[in-house]
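Take this structure, written in structure tokens, and hold onto it; I'll ask about it next.
By written order: A, B, C, D, E and F. Residues from 1 in each chain.
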């Protein structure tokens, strides 16, 4: 099967490492297509970035429909555009935040998220709440690092993640750690080994869930909320986004 | 003071009627600037439309910063892009859904929303929940009409709104009605007169709240969640959206 | 328009300073009538005081009906008697706690209340919860000072407010501060200037919202919960409270 | 032991029937003192009535302290003044709504309240929520009858209660019925017999819980929320309420 | 009346001390039958122990039906098998956790639980939540001690309880303490005396509530959730558990 | 890999059909071991049955540890014993209710459960709530049929499921259907085809999630809640359950 993993930001190095992680975990008969959108921010660290990453994500969903893709993964821990993506296709679309949360809740009773800049804490709290996971997520821990810092200075990134993982276990009573950024995949194994608790990279979790849903032959419900978008005109820079 | 009212869709007739409603209720010394974005959907009736209306909304917020605007109103009952708009400016930004909900909760104990197509019900439930109003909103009632139908066939629109208002009062125990679409402003007064309960058009509610916040000299908190977006590069069609 | 601001306690110095704050922020064409009830506690710092402030508040609402008042503000951060006040009149009645909470939620993502004695913490938690704001209010911080202390020793009052505001920002991740007592209006501006976050005095927030609701021509819903009280006899000391 | 049952309204016939019910269920060595306040409404059917019943209730609590009472019951299904009563004494104070809810939750999984006029539905929803019982209470069913109607025309009262009990069982999936007014005690047994589910009169439930708490030697916590009211002056009609 | 108190673990010394506490508080005309099941764990400190204590508990409920018991108490702070016990009999069945929570909420506004090993914290959080008490329980404090440690080394047990009670009052703002294990009854009085707040042993609370419910003549609702178990075959080791 | 699917009831025909469904959907390299416990009820339709199915389930988990099993599925829509199972092994254990809920929430916005007898409705509501899914599950619909009826009279079973599925879609606004019993697997495909919405059998969902978790190399967190049970003696019929 073909799973299209969309990194909503336009930093291709990150798309490469996401691809690498996904391929490493995917089944042999699963083809991973990893892309960045053709437009949008080089990283996502605010509502502004998040919303502006969505047009590019949706364009890739539409393209995927024509590429014969079987399922989609949105590989940013804010699940940007997830609901709209589900409107555009009847193929399963899995966000890495939701996949992480569901996986974690099958492995531990309470868990913490460790992520980038403090400013996104509220955004993630609301996301977690929308998935019904507020009681299970005991804390969302931020670091002073931005997304790209983890790419550029992985040593410092690892150090920060270690510090917050330690605090999550000692102060939050967390029994599993969720890495709250698609660019943190590479750190999961070492952290898991060091701390002896499940450390979850959402990308691989979402890829495996996507494989499962395809195997099960399940499609997105087109009954009401996720019906195809209403047909209508779009204007200006976004004219091409008209749904016909 | 200058209040910029942004109709997130690109249907100018609707922007005109929003402007008309806003000016009718604004104070004499308030200048209403009503605009539609330069890009995006002609109406908003899905997550897809909503997300794709946001780039245009944000462009208008940025422009407003240079136009010396004192406050912004986002005039669609999904409050599209509200959180990102608050990142872009320290001027108050008020969404018409939130303004409707807060106003209603000062006028009645329980209330229902009456809106367009059934598909947006979940979207609005989640919005209402994010404002903490799930217990006060007893129902979200939809009609088979889309946004433009209310513009094109106001007689039928009124008929539908009357039917759902009646049901909301009789079946939901609603004590006030919130019109869940910026294009329904014109129907509020007749419904209020007929049914004898507050019928709330969010556009005028948001304009009055915006005036109040400007009078109070209050600005959006720039401490954490609503800091200015991180500076970074944007690519492709959205290059101009880079925040510098 | 005429807005009657009722300070539910009987300390006239406090009523004066509330009047001062209200007039400073009200529009030129708004007449502020600030009163204390003719009966009741000199300050409100317990459920006992709160409940016993209500008869006096309700008497002032009734009087206001005859004085041609357009809207009412209840100026104590427990919103004492608010629901009963809404039964007595169809003019808008705004509590300063609810006004503070709605205003704050349009300016910041998360906020803390700073208030008087520790004993009222639970009371305020329940109040905040009744307005649906439990997730947005991250903490209710108390001081060892009672209401009158802030009048009598404003230097010490300011010191305490500064200390708790600092902690709210650093420890609670609060992005705005709500002053949880009508007698704290005078401290709002200095705190806002010093800490660079919105610091909200509920009195002026409520006055501006009341002006807005009057402008909008909205009245309290008389459909069910806020119908006029049932007509009936009252006995003893409260005979005059019979609703006829 | 002595239990003082305070009927918060001033209708003595109702106080008599409450006394009768309480004595019927109390232990032989329990003395029931049933009183109405010396002031206030003849029945409670609005927030207005409820708040104005509280001064009289609190006066009776204070008097009870001097009468050597061991525990108090507040016998109105809105638990008026309960929290303030707990401030005034360290003797246990039990409300009939809370007692009904806790008793019911030990007898059935889900239950409905059947009560008087529709206007009090929201008031009771908020009360139920404050006790954490929102999920267990599946409905609050009202009748077109006011409190006194049940005294004056018990045949019609019974008919209405039967109709709503039937609907609660068939439509709400209720497994127990809570009679939402202290004046409905006399109907409990017949309803229970007819419908074969627990039908709970709060007065007797509260009396038995009060007996239990006295037996256990437990007192109200005076640590924080329920400390004795702060000492202070009161003015006007309420001068005598000053707490010294 | 006869109340059967079932200690779900098989440590008879603990059953004895439970019996002692129950008899001390029961009315003279109440006969306390205290038993341990004939099978199961010697203490309950995990989900595993809890589930495996239930068959023995249920066997004792069935036996109680034939012994002419009037009510049952399940004396372990996880309320193991409570819902199934209610299916097996129409006599009231009271769990000590639920009894503690309802009693505490009539004595204080906020409270903490102090209990055994850290591993049961989540289990108790979910239990508290199922009773609707999440907002009132501010913390669940654990100790490094297991159930039997409190029997074997009461001095160390007391020391630990004192330390956590102190923290609960100072750090959690708890106004009452719930002892989260049936084996802690003996410590309640000294703790209450030392700290001056209600310290609640669930066993005596449950016994008194059971007496009350019997006095009231109330039985478990057999309408739906707590109907007698469906008749059916059981196999293997559990053949005797078939319900006929 | 080896996945052990435990049907918690002792009806072997049902275990066979569960095995059939699981094998049909499992990967070729997955070996499905489907078993019924050696003890317990022939079907689960009450709390009583559920608790008494757990010893047998746990015995199979322990056995699985020695059989070199890679993951476990508990195949009853009450997830009986799930938390204890996770204590007994570090291999992933997946319940079919939780798997159904997580899968459904990736396919539709709102969904209903359709299940057996009315008496289990509350039990399932609490289960759904414990997974954080209360807002997404709009209804739990029961039928007058018991578990075995679906085996014995599949034609009538199908008819009932069709009727409730229709109502779920029309009255609940459900966008997906969850079959709330492991014995309903065979009906999923026809229902899905007829109604055009996802119809989810939990058995296959859980098997696929188990495969995914094994592929990911994830194990249950042994940090706190799911530590191995404390070592201790067990007595009577359950002596063999002692954990050593």
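In this section, a residue touches a chain if its C-beta (ideal position, glycine included) is under 8 Å from a C-beta of that chain, and two chains touch if they have at least 3 such contacts.
Remember, predicted model here, so these are calculated numbers, not experimental data.
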Contacts shared by chain C with chain E include exactly A, D
Fitting chain C to chain F on CA atoms, where both chains share a sequence, rotation angle to nearest 5 degrees: 180
Is the number of contacting C-beta pairs greater for B-C or for B-F? B-C
On a C-alpha centroid basis, what's the spacing between chain A and chain C, in Å? 44
Rounded Å distance between chain A and chain B, as computed from the means of their C-alpha atoms: 29
For chain B, residues that touch 2 or more chains besides their own: 83, 109-110, 118, 121-122, 135, 173, 224-225
What topology does the chain touch graph have (line, ring, star, complete, other)? other
In contact (per the touch rule at the top): chain pairs: A-B, A-C, A-E, A-F, B-C, B-D, B-F, C-D, C-E, D-E, D-F, E-F
Report the residues of chain D in contact with chain E in the complex, numbered from low to high. 25, 27, 83, 92-94, 98, 102-103, 105-110, 131-136, 169, 173, 175-176, 196-198, 200, 204-205, 208-209, 211-213, 215-216, 218-226
Contacting residues of chain E [partner chain C, same complex]: 109-110, 135, 173
Touching residues on chain E, where the partner in the complex is chain F: 10, 37-43, 45-52, 54-56, 58, 81, 83-84, 86-88, 117-119, 121-123, 126, 130, 146, 224-225, 227, 229-230, 232-239, 241, 243
Give every residue of chain C touching chain E within the complex, in rising order. 118, 121-122, 125, 129
